[in-house]
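Below are structures written as C-alpha cells.
Next come two complexes built around chain A: one with chain B, the other with chain C.
Up next is the complex of A and B:
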C-alpha cells in the first residue's frame, strides 16, 4: 500500500508541484490549503504523514498540529518552516511533530523524512496490533467491547 | 600640553548644536553666567564693606589728627599770649607804680630794668617817651636818648589804643626783638609812654621746644606772612612764607594745604589776641597719616587676598559643575545615539528577515517546479530525455539552492540580533560576517585571510553582539584600505578562559594623536564622508558588554590592528540571568 500523505500549505503552486512530484515518487498524495480544511480531511481519512506549513493565514501550523495530534495521535507530522521560526518548529516537535524542514528544501531530504515517518507510524501500529492481539488472546471477550 | 590647555575645561570648545533649546547646551555661557553672578554677589558686598571700613577709619584718623593739632596750636598760642600778656602787664604795672618824674630818672629806671630782668626773662631795655614823641630817658645797651619817635607808625597807634606790641624787627641791635609800649595818662591831661624791648629768643625757644617730630614745624608770622621766629623748613626770620595766610579766627583752626613742592600739609593756626602774631604749626599730612597708611595696606591686602580666593573658588566650582553637566549631557546624547543605532540595526534586521522569508516561498515554488520538470524527465520518461534540458533544470535548481543559502544567512543574521547567550562557533561567525562583505572585498580585490586556530571551544556569548563587533571592525578596515589591500583575521586561544581575535589591515593607519580618542563617541575622521563617529565607540561598548577588552595598535601608512580578548564564558549579571529565566 502506498503511504498516504497530506500536504498543507497556503501556497497553491507549491502544493501542486510538490504533490505531483511526490506522486511520481509513488506516494498517495492529498492536498489542502488551510488548517481548517486539513482538519476536515484528517477526520475523514487516515493519513500516514502530514507535511504542514507553520506559517498560514487563518489557523496557524501549530494550532493545526495540536488538533491533528488530538484527533489522530499516531499520524506523523513534518513541519515546513522559514528559518526565523526554528523556535516554532521546536515547539512543534515538543507537541509531537516528527521533524522540521527549511523551505526551500531538497526533495530527497523530504522523501527520506516521509519514509522515516511512515516507518515509524507503521511500526507503532504494528505494536498496537500485537498488543491488541495478545489482549484478545488472554481475554477473548474484550474483543467484543470494541 | 600647555598649562592653559590643561586648565581649560572640557566643555570650553564644545560647539553648540542647533535646535530650539540650544541655549541650554551653551556650556560656555552657563559657565560665564555662573561665574559672573556668583562673583558679583560675593565680591560686591565685600568691596562695599571694605570701602566703608576704609573711609570710616580714614575719617576717624584724620579727625583725630585735626583734634590733636588744634590742641597743640591752642596750648602753644595760650603760652605765647600768656608770655606777652605777662610782660605787657609788668610794663603797665611799672607805669602805675611809679610817677612820671621817678621814671625820668635814669638811675631809677635802671633799677627798675634790673628788677624786671630778674623777674622776667627777655627784657632788654626800657625807655620813657613824652607826649611829643621824644625819648626822655633810656636804660639799656644802646645810646638812644632823645630820639624822636613821633613820626613812627606805632607812636600814632599807641596813642589811640593805649598799648602796642610791635612786629619782630632787627632794629639797631641786629637781633630780632619786639617792642611793648604802654601809654600812661597823667592827671594834667598829658601822657607819657613806657617802651620795653624784649628779645624774641624766648619765643623761638618755646616754639622749637614743641615735640613735633619728623617734618613738623612751628613758628610765628605777622599778618603779612613774614616770619617772626625762625622756622625749620620755611626759612629764617623776616622771610615771607609760601603758605596762604588763613583768615582770622578767634580759635585754633586746622586746614590742609600744599607746600611749594606739592607735598600735602596739615596746617594749624591761631591768631594770638592783641598781638600782630599768628602762630602756625605745619606738619606733613603723610607723617600724620602714617598709621593710617599701614592700616590701609593691611586692609587692601586682606581685600585682594580674599577677592582672589573667592574668585579662584568660584572659577573652580563653576568649572567643576558645568563640566559635570557637560559630561552628563555627553552621556545622554551618546545613550540616545546608541539606542538609535541599535534600533536602526534591529529594524534593518527585521526588514531583512521579512524580505528573506517572503522570498523563500516563491523560491520554494521555483524549486518544486524545476524539480518536477526534472522528475518528469527522469521518472516518467515521457519526453525525449534531452541532456541540455536536464542541464538547464539542474542549473535552475542549483541557483535556487544558492538563493536559499543567502536567504537563510540573512534570516540567521537577523535572528541572532535579539537572542542573547548561546554557544557560538567563532569560525562560523567570522565566515558569516565575511559573507556579507565578501562581495565588496571581491570588487575591490581585497585579500582576506582568515586564520582560526584549531581547538577553540565554542564560546558562550552573545552572537549578535559578536557579529556586530566583527562587522564594525572589518568594515572599518575596508574603509581604511585602498583597493587591493590585505585584511587578516586571526583567532586563537589566549588563555584557559579567553580567546583572542585580531583584525589587521594594511590601510592608512591612525596617527598617534588620534589613537587615544578613537573609542570616544563622535570622534571621527570621516565626518565629512558621512561617518557618525559612533562605530568604534559602539564596538567598544559591545566588547565591554561581552566582558572583553579591545586594543588598538597602529602605524601611519602601515596599517592598524585591533585586538579583542573575549572570555569563553560570558558572565551574566545575576539580575539579568534571573530575569531571563523567569521570562
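Up next is the complex of A and C:
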C-alpha cells in the first residue's frame, strides 16, 4: 500500500504543486488548507504522515498538531516552517512531531523524512500488534475484553 | 522635539522589524511555490527521459503560468519592501493620506489574513493630503489597525475611511464590534501615545459608534 500523506498549508498553490510532486513519487496524497479542515480529515481517514505548516490563519499549526496527536497518536507529523518559527517547530517536536523542515526545502529531504515517519509508524503499529498478540496468548480471556 | 522623535524612533524599530519579518516570510512562501513548480517541470523532463513518458504540454503551460504568477507576486512584495525602506528617507513630507493608508493595508495584509479579518476601504471623494513624518504615520496607522483587528468581533471586518477636516484630516477605523469589551485605558498604549505626540495628532475612542478616529493636523508644524 502507498504511504498515505496529508499536506496542510494555507498556500493553495504550494499545496497543489507539492502534492503533484509527491504523487509522482508514488505517495497517496490528500490536501487541506486549514487546521480545522485537516482535523476533520484526520478523524475520517488514517494517514501515515502529515506535513503541517506552522503558521496558518485560524487554528495554528501547534494547536492542530496537539489535536492530531490526541486523535491519532501514531500518525507522524512533519512541521513546515519559515526561518522565524524554528522555535515553534521545536515546541512541536516536544509535542510529538517527528521533525521539521524549513521552507523551501529539498524534495529529497522531505521524501526521506516522510519515509522515516512511515517506517516509524509501521514499526510502532507492529509492536502494538505483537504486544496484543502476546497478551492474548498469555491470557486468552483478555481478548474478550476488547 | 528631538527627544520626542527619539522615542518615536524606538517604536519605529519594532514596527520596522515586524513588517520586514512578515514580508520575508511571505517571500519564503513564494519561493517555496516557485521551487516546487520548477521541480515539477524537472519531474516531467525526467519522466520523459527515463520513463519514456511523453511531456504533457498543457501541464507544462499550467506550471509555467504558476511560476510567472508567483514571480509577479514576489515583485509586488519587493516593491512594497523597497517603498517601506524609503519611507524613512524624509522627516517631513506632504503625503496623500489614502495612498498611505492603502500602503499600510498592503503591509498588514498577511496579519489580517492570519486573523481572518477583512479590511474594507472607502476612498475619499477627493485627494486628502497632510504634511507629516511618513514613517511615523505608517507606524501609528499600523498600531491603530492592529488594535482594530483585535476588536473586530464576529463581523471580522474593519472599515477604513479617510476624511478631510477643517484643520487637516482624519482616519476612521469602524465596525469595531468588541470595542466595548476592552478596558478603556487599553488603547492608545505607550507606543501609540509617543507617535501621537510626535505627529501632533489625536486619537478618539468612540465605544458607542464602535470606532476609533485618528485626527491629523494639516501640517506637523502647524
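One rule holds in what follows: the second predicted complex is superposed on the first by the 146 of 146 C-alpha atoms of A that agree within 3 Å, B and C clash if a C-alpha of one lies under 4 Å from a C-alpha of the other, contacts with A are read in each partner's own complex, and residues count from 1 in each chain.
Simple rule for what comes next: a residue touches a chain if its C-beta (ideal position, glycine included) is under 8 Å from a C-beta of that chain, and two chains touch if they have at least 3 such contacts.
It should be emphasised that the depicted structure is a prediction, and the values quoted were computed from it without experimental measurement.
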{"item": "Chain B versus chain C as contact partner of A:58, first or second or both or neither", "value": "second"}
{"item": "Partner chain in contact with A:18 - chain B first, chain C second, else both or neither", "value": "both"}
{"item": "Residues of chain A at both interfaces, chain B in one complex, chain C in the other", "value": "11, 13-14, 17-18, 20-21, 24, 82-84, 103-105, 107"}
{"item": "Chain A - residues contacting chain B, complex", "value": "11, 13-14, 17-18, 20-21, 24-25, 82-84, 86, 102-107"}
{"item": "Interfacial residue positions of chain C with respect to chain A in the complex", "value": "21, 24-25, 28-29, 31-33, 35-37, 39-40, 43, 47, 63, 66, 69-70, 113-116"}
{"item": "Chain A residues within the chain C interface of the complex", "value": "11, 13-14, 17-18, 20-21, 24, 55-58, 82-84, 103-105, 107"}
{"item": "Touch list for chain B against partner chain A, complex", "value": "353, 356-357, 360-361, 363-369, 371-372, 375-376, 379-380, 400-401, 404, 407-408, 411-412, 414-415"}
